[in-house]
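The structure that follows is given in the form of structure tokens.
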Amino acid sequence: MARLRVEKISKKFDRERILEDVSFEVGSGSFSTLLGPPSAGKTTLLRIIAGVESPDEGRIILDQEDITNIPPKDRNIALVYQTFALYPHMKVYDNIASPLKAKKLPSAEIRRRVREVSEFLNIHHLLDRYPRELSGGEKQRVAIARALVRDAKIYLFDEPLTNLDYKLREAARTELKKMCKSLKVTILYATPDPIDALAMSDNVYILFRGRLLQSGPPREVYNLPNDINVAKVFSYPTINLIDANLEIRENKAVLITPFINIAFSTHVSALTEGRYLLAIRPHDLHVVFDGEDVSLANSFKARLYLTYVIGSETIAYADANGVTLALHLPYIYRITEPKDVRIFIDVSKILLFDVKSLKRMYP
Amino acid sequence: MKANIWKVATLIAFVFLTLWTLLPIYYAFITAFKSRIEITYWPPTLIPTEFTSHYWIIVWFDRPTVAYYRNTIIAGVISTLVALAFSIPTAYTCARFSFRNRADVLFTILTFRFLPPAAVVLPIYIFLRQLALLDMPISLGLLYGAINIPIGVWVLRSYIREIPPELEESYMIDGYSRLRAFFNITLPLIRPGLVAVSLIILALSWGEFIFASILTTSPAGKTLPVGISEYMGGEWGYEWNKIMAVTFYAIIPVIIAFFIVRKHLARGLTFGIVR
Amino acid sequence: MRTKNLILITTLPTLFYLFFWLFYPFLYNIFFSTFYYRLPRPELTRFIGVGNYISLFMDYDFYLAARNTVIFILVCLAVEFALGLLIALCLFREFRGIGIFRTLLIIPILLPPISVAIIWRLMIFPGMSIIDFITQTLLNVKINWMAGGLPSYIIVTLIDAWQWSPFIGLILLAGMLGLPPEPIEAARIDGASTTTVFFKIVIPYLKPIILIALILRFLDLIKLFDPIYAVVTGGGSGIETISVYIYKRGFKVLDIGYGATISVIFWIAAFLAANLIVRRFKEYLV
């Protein structure tokens, strides 16, 4: 277990800034997620931490030791690649044993540890096979085994679930979480999927276009994103952004949008009148069913025109007076033709962003 | 109707091409079986009236053929080893790292591939003569090595680029140096490419003529191509059976190498540009 | 930092080795070209500055050799491309046994060029060869293919085409095999005939491949030597290329000074040609 500190890491490639002034600290024994869209720089950052790429500026400090200029073989860091990077010409056993052989451990010890890890990951029956004979899920577990078999100071995961097909992903995520919790090691986990961050981590770091935008406990960052990009990244599917005008009427603040006027309670008087970007997550929009008791003040009419079902949930798209909204429904809902519905908006989850600076103004 | 015309045309083309390719080789081959008199038959026979395998044997003794063969092998092997020794590191670095002058390096190397031997053979002759290194297969091998570096670099680079760099990186993260990663990961995975390139370089060195003819003077150093060309003018002026026998001894290893390598041939001949 | 050292240590030695064998001699040539220097009579060596170059400028045989080189390049390229295309088209089919044909037709490429030339020499040798027989008896014409002039031009072209058309064919075939079938199928469905498909879709797609094949062959043809040496005996044949000319003037006669002069010009021309072409078409290469 080790503490990792990333200090002001910057990296350029051909004039393009891949990472800019990224700094954060990963506590010993914690499970931290590096969350960001593709091309945010997550992989590059992990590679820099592991040592296979060097930063233009900045330092990496592991447990008080500056490892920025130390070659990867001496850093004692494990990295699980998104593509698994299994050695095709070696058997699974040799793949997993590779880091142990590097340390020149006695073969009895190597055998024992490989056995242990492969049983833990349920791949002990595959030790004699070659990577090309394995399925995606099995390859992933071998890659993880190769990392876990060592006593590394920190374990880096680069989008381990991205290359698995959707059905496998759910199960794998749960297994991964269980495994990491039981291991008590320091983990830095890169992913574009906010669910990973919410489900598994102690801390999340939002990386967007090479910059670290926000960090903190996942729930906190999720509920109070500083910046519209943080809100966008930390949302599945994309967050709904609506142009809204704030007016003060009779001492009450009212948000005027093309399809609904929302009244706020008075303590928002700290806000000035004017235009804002209203952000509401698809998760926080609900379809009202007949018979539900819902305050009409916070619902509006819209036309649902597209739904698609993923697993046991549905993404739905609706048109509300010209504004396209995405909804994330936690059940299966299908339509065969566009349907007029009432949509309820969870006002407590509304975020307001300044139109120019894109910073969060409310809450 | 139109389809039939195409079919017939294709068939004709096929037959023509096959005959066109095989006839010279066949004719040369059976000439080696003809007796001395039969060679001069008019009209020349396509199938010998008597098969003599005598000449296939005698060419080994009649002239320093054995020495020529030996020299050719030595030069070829040295050439391959030298070319690989230089090409492999260069190909690796040019494949894995992007540095500012990389394009220039690669294109300069490629340009040298097209250098006419005749344009540099005279000074090399003088140079080797001064150092008393003329007429030695080793000198030829060193020279051929240089000539074949461009092929080695370009083709091997193409093979190395197919190996994802993550494999080497993962190995380094496991705890090995880049050098070890190169030996344990990269090399084993490009092995078919290495074999192909080696055989191609061998084949090219095997048939090289102009440098060999100028830089060697005696059976101590002459290679097979030179030896064979001499048979034409010299004592064997009209002894085509012998000439063809030796020619075939020169060709056979190349054909065998070709069969081994044929899957990689397109890539090898076009410097990795065409797979 | 360490990466930079690694790059240097893996590229500099290679460049050095190449320069040593293939560039340094060029410098040597420049040096020698300023002298009158014949190896059998070294005592007559004297510095003559640009004297050799002036002689070269007025040397009819040199211009002849240069002209021949150009002619061979153009004619051989044309013939080899046509034949290569034919080969590629034939080998493009898929039927059981096509593999054998593909292997067979490609054999000429790796054969030692001098062996190929000798085999053909066998076939054209006056008085005892097939081709001689065909031309004499069937066409009633007595041609000495080895004596220079037009017959020798034809034979040399034939030899080079025999050996290297499969080379172009192989490259074109590889390109064709990489053709995506969809555009062609779509065109067929739209009613295009085979010729239209061929000229409007296949050829444009193959353009870079064709270019590569022609470039590679072109640069190799500059140094054409082996067939001419093997087929045409003796000097004064009139079909020499520059390489052969250097061989004759520089080596046969051992006139190092003059040979070096020709070599200098040749080296510069070849280097420029290769460099310019490689850079001009570099998008196709990497």
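Every chain is named by a letter (A, B and C) in the order it is written, and numbering of its residues begins at 1.
Heads up, the rule we're going with is that a residue touches a chain if its C-beta (ideal position, glycine included) is under 8 Å from a C-beta of that chain, and two chains touch if they have at least 3 such contacts.
Model, not experiment: these values are computed from the prediction.
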Top chain pair, ranked by number of contacting C-beta pairs: B-C
Chain closest to the middle [Cα centroid of all protein chains]: B
Most widely separated chain from subunit C, with each centre as the mean of CA atoms: A
Separation of subunit A from subunit B, taking each centre as the mean of its C-alpha atoms, in whole Å: 56
Separation of mean Cα positions, subunit C and subunit A [Å, integer]: 59
Whole-Å separation of chain centres (CA-atom averages), subunit B against subunit C: 16
In subunit A, residues with contacts to at least two other chains: 71
Sites on subunit B at which at least two other chains make contact: 178
Subunit C residues counted as touching two or more neighbouring chains: none
Touching residues (chain side subunit B, partner subunit A) in the complex: 164, 166-167, 169-178, 185, 188-189
Complex contacts: residues of subunit A adjacent to subunit B: 47, 50-52, 71-73, 75, 77-79, 81, 83, 85, 87-89, 98-99, 102-103, 146, 150
Subunit B partner contacts - residues on subunit C that touch it in the complex: 3-4, 6-7, 9-11, 13-15, 17-18, 20-22, 24-26, 28-29, 32, 86-87, 89-90, 93, 101, 103-115, 118-123, 125, 127-130, 133, 137, 162, 166-167, 170-171, 173-175, 178, 194, 209, 212-213, 216, 219-220, 222-223, 225-226, 229-230, 233, 242-244, 246-247, 250-251, 256, 259-260, 263-264, 266-267, 270-271, 273-275, 278-279, 282, 284-286
Partner subunit C, residues of subunit B touching it in the complex: 6, 10, 13-14, 17-18, 20-22, 24-25, 27-28, 31, 39-44, 46, 86-87, 89-90, 92-94, 97, 99, 103, 105-127, 142-143, 145-147, 149-150, 153, 178, 200, 203, 206-210, 214, 224-225, 228-229, 232-233, 238, 240, 243-244, 247, 250-251, 254-255, 257-259, 262, 265-266, 269-271, 273-275
